[in-house]
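Labels run A, B, C and D following the written order; every chain starts at residue 1.
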Amino acid sequence: MRDKLPLALLIILGLFGLTDRFLPHPIAEGFNQYLRDTLLRIISAFALILGLGNLILRHTKKIQKKEEHWQHSWVLLLSFLVASIIGVFGGVNGELWFPTQVGSFHFDITTIYNKVLIPLGATMFSLLAFFMASAAYRAFRARNWLAVLLLGSAFLVMLGQVPLGARIWSGIPEISQWIMEVPNTAAKRGIELGITLGILATLLKILAGIERSWLGSGR
Amino acid sequence: MKRLGVLLVATLLSLGALPVGAQEGGGAFQNRTNLPPPTEVTAKDTPFDGGSNITVTWQPAEGAIGYRIERAPEGGDFEAVEAVGADETSFEDGDVQNGVPYRYRVMALGEAGEESGSGVIFGVVSRPQWFNGDLFGVAIAVLLFASVVVWYIQRARRGEELFIRRIAGLEAVDEAVGRATEMGKSVLYIPGTGQISEMGTVASLNILGEIAKKTAEYGTPINVPNRDPVVYTVAREVVKGAYTAAGRPDAFQPDSVHFVVQNALAYAAAVNGIMVREKPATNFLMGPFHAESLILAETGASTGAIQIAGTDQVPQLPFFIVACDYTLMGEELYAASAYLSREPLMLGALKGEDAGKLVFLLFLVVGTLLSVLFGIDAGWILSTG
Amino acid sequence: MNWERLIQIDRRIIFLAMGLGIIIPMLFPMEMPVGAQRVTRSLFKTIDEIDGQEQCLMISSDYTPQTEPECHPMSLALMRHAFTRRIPVLLNALYVEGAPLLASGIEDVMEEFNSRATTHEDSIIYGRDVVYLGWQPPPIVPILAMGESIAGIYPDDYYGNRTDSLEVMQRIRNYDEVGIVVAITGLSAPLWYVMFAQTKYGVKVGAGCTAVCAPDFYPYCGTGQISGMMAGMKGAAEYEELVEETFQTGGRRKATEGMVAQSAAHLVIMGFVILGNIAYFASRRQA
Amino acid sequence: MNLSTDIWVWVGVVLTFCIYSFLYRDNPLYRFGEHLFVGVSNAFTLSFMIHRIIIPVMWRPFAQACQVAGSDGVSVDLFNPIAPANFLVIIPGLVGCLYFTRFIPRMTWMVRIPIGMFMGYYTGRTVPAYFEGSVFPQMRGTLVTQAVFDPAQGGGVMSGLFAVLVLLGVIGTLAYFYFSKEHRGPLKWGAQVGIVFVMVGFGASFGFTVMARVSLAIGRFIFLMRDWLGIVT
């Protein structure tokens, strides 16, 4: 029972998922839509609550035990609490009863998203410009012939991207374009084909109950 | 022609999906001008769809600047449904009710405003179909490859010895966990930044099970931060199960698997924090990753941790190759749990994958030869409507 | 010389070099020739051939502040091109986030042209030469509906005017009067226009996209479904160059300026890669 | 110089500096930014989930069903799972609640029920999608045809040659991922060809991406120097 019921549900829903794309009939379509948009969506909402509970407990514990950097857990908990009140009771655009405006100053959750989360995310994302440089410095060493290939094609394409490349030799941008279109395409296709087989085998292993790690221990 | 054959078979297989045939009938609409009417007009239920759709086709009329498609319910008057340009020869009417018969005609429109109508098509009925015949090839391919894999699993079940070559990134797993144990530090396992709906995540969770068994045996703490709440719930069960399987259920730390945040960049920020503060000796980055892959891998590299990465997101592979010690590329991620567990049935499935690759290879070679030498287009098998 | 130390160089020195490489060119804007690729030239040619009396240029954007450095200069260059050739320009935003950005771009380019204009005919006048349709969610709806009636799906423009009351809208009804739609995007908007607008209404589609998206669109340029493309900041710089070479509008070339920072950043990375390899081989020889 | 007076711009600037300080090293400013990012992000997700899922998908149909039942009495219609007013939305809610059984010692195993449903449906869906969206078009694009050699159909000797190269690369890459045999003999040659393509392709991808990443940094510096300091236009 403890293994069989979840596995049976998994197989039944797995078959629905597997056949979804093949059945255009409105009955099948409607049923699948119900599964995706109502059933599984609501279930995932509960998973989020569980996850958030876990996060809050973890940081409360940190504060209680005064673990290293426990002060920052306050930042997390307080910002979560305040923003949640604004978002949950103020509404997505500040349309509910909780006030999200003082004079012409708005602080509804959408504004907070645009003015706090976007700058944070964009800056985090832009760290990549710097990390690309340090990773290239460390890894692009001609240690062996494979590394030479990696380094050589990266170097050529970088050169082809900037006007300097074309000035050194007008063929460089074309060669870099060619590398993107021929060897790059071939490698990606080969890998994608393999991945599809991996995905299929993984599905079969799960459906056949061979791969059971998701079942955990259950006790 | 060949394509037509496949369509026919597919149509027959999808019971009840037979389109309602319709033929040109009735006298041609009064033709007041020199503008000829559209010819060979057909109106049929659109095949392989969810119904409420009728496809009208015609052959162009010389001199027409456009066409107007008209529809009438049984016993009702004709109404314009749509007007299309002169280069169109078909139209899908998606505004019809299932099971109701309609009449159709197509009017050619002339430059001076003259019109010339085709004969009327009677009794066209739209019906929803149960099977999407355009995907017949896909269904066959899924079944074919699935049976290959299942056959190999059966062979493994009979106890056949199955050989799998070394995979460098996976050989290093033992050493990597051992290193953390020696240094008295933790192992960080990042199960990707995808959702449970992505197979790469599932593959990663399977690997997590094997690695958690090792950390349980060695008594090394493991830290699994999660981006997706559903993945978090599964990962927790996986780690807990692995500790039980390794005979150390008491050593399982409930806090070792935790949820962080759904926003991928916030997640990267937080995991960066874990990497630089807790300085784990070994970082595993397994599963689907997106742009944050290099943020994580490069921070990990700067802390001196040994890093084993693996992803099925091909665009991110170059960054892992550059920043990590070992990288599992694409399919190797899926092969990993079989490789690590050495369980015969799982290895059987891996053998099945290899057989699948041979099929791909053979198809590419034979298809190319047929096409180049004899001009036979093998690609039609692969069309999806 | 201690090559080992160079091999283990502090990452922060690399970060600093990158930062300076990007910031300094921004503080002291310069321009450099870039040389246009085939796809950029064909976009330029397609737009150049539009008959301004019959048809207009439509610019459809979905870029946000994050993709602004790559995409915004594209809109500006397109507008400059069309304004000099007296081709009316219609603009729309597919998502609300980018809508104000596009509005400020329109104002900037209008200002640029009108400060030089001497007569009413010379000037760029809102409603006659340019219309900003604003934003209608979700994106797929206007893309389809504009095939029937542009004023129908955008009853009011971005500034709240009745769209059908504007001068140019008297002769522009739907895609028939649109010479080309150039979708400027960090996503896949050009493909939406190809799939939904081109297949049904036959409108030409051009693309302007971030460098990351560009490989997805090249195949469509090959088949002609996309008439031409600006790929990333470099593509924008190429288009700016084509416009300036042909018309000398004297406008600010932001992408071309950005390419200086790009070149500097690329050179910093390449320089460090060379340095790393020199150090690597020298240290091996020492050992 | 034209310093911004918008509070939100200043907030954005402070947060930008918090994150960039990580490039120097981990420090209290970065820790502040990081924890704030996690906290606010989660709050945003929670609000979104409540206003876009819980209330419209679950609460509203249930509340309306209660209302209808109150005025017109309970009818069969109220048990239609896709009706705008129905009692059955409670079922997904109950299944979702099973996640919490992990806190109840003897019922822990029930956590697997929602997990199994989720995994089953989505793993099932992925397989045909990959065959349709990836395998079929990719294989088709890899087959070499007469057309690529034919100048009349937009091909030529060079494009034909390139198509053959792509085919070789794909075959080589597939050979590289062949696990059942040691890489010896012909397989070794195939795998070597494969890894050459992989390395050249990945190097190129890396080099190609630099421009997009630098653009992101330019975007942040534009924010700092234009929106905040007003020293560039």
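Quick notes on this one:
Going forward, contacts are C-beta pairs under 8 Å (C-beta built on N, C-alpha and C of every residue); 3 or more make two chains touch, one makes a residue touch a chain.
Predicted model only: the values in this text are computed from it and were never measured.
Most remote chain with respect to chain D, judged by CA-atom centres, is C.
Of the two chain pairs examined here, B-C and A-D, it is A-D that is joined by more C-beta pairs in contact. As a whole-number value, the distance joining the C-alpha centres of chain B and chain C reads 32 Å.
Distance from the chain A centre to the chain D centre is 4 Å, each centre being the mean of its Cα atoms.
Work out the mean CA point of chain C and of chain D, and you get 26 Å between them. Centroids built from CA atoms put chain C at 28 Å from chain A. Listed for chain D are residues 19, 22-23, 31, 33-34, 37-38, 41-42, 44-45, 99, 111-112, 114-115, 118-119, 122-123, 125-128, 131-132, 135, 139, 142, 167, 170-171, 174, 177, 198, 202-203, 205-206, 208-211, 214, 216-217, 219, 223, each touching two or more other chains.
Residue positions of chain C touching 2 or more other chains: 11, 15, 18-19, 22, 65-66, 215, 234, 262, 265-266, 269.
Looking at chain B, residues 135, 138-139, 142, 199, 202, 230, 233-234, 236-237, 260-263, 265-266, 269, 277, 302, 317, 319, 321-322, 329-331, 335, 350, 353, 357, 360 sit in touch with two or more other chains. Contacts from chain C toward chain D in the complex involve residues 12, 15, 18-19, 22-23, 26-27, 29, 65-70, 210-212, 215, 232-234, 252, 258, 261-262, 265-266, 269.
The touching residues of chain A, when paired with chain D in their complex, are 2-3, 5-7, 9-22, 30, 34-48, 50, 52, 55, 69, 72-73, 75-84, 86-88, 91-92, 105, 109, 111-113, 115-130, 132, 136, 146, 149-158, 160-161, 176, 178-196, 199-200, 202-203, 206, 214-216, 218-219. Within the complex formed with chain A, the residues of chain B that make contact are 48-51, 128-132, 135, 138-139, 142, 145-146, 149-150, 153, 199, 202-203, 205-206, 208-210, 226, 229-230, 232-234, 236-238, 240-245, 249, 255, 258-263, 265-266, 268-269, 277, 291, 294-295, 297-299, 301-302, 312, 314, 317, 319, 321-323, 329-331, 333-335, 337, 343, 345-346, 349-350, 352-353, 356-357, 360. Against chain B, in their complex, chain C makes its touches with residues 11, 201-202.
Within the complex formed with chain C, the residues of chain D that make contact are 23-24, 208-212, 214-219, 221-223, 225, 231-233.
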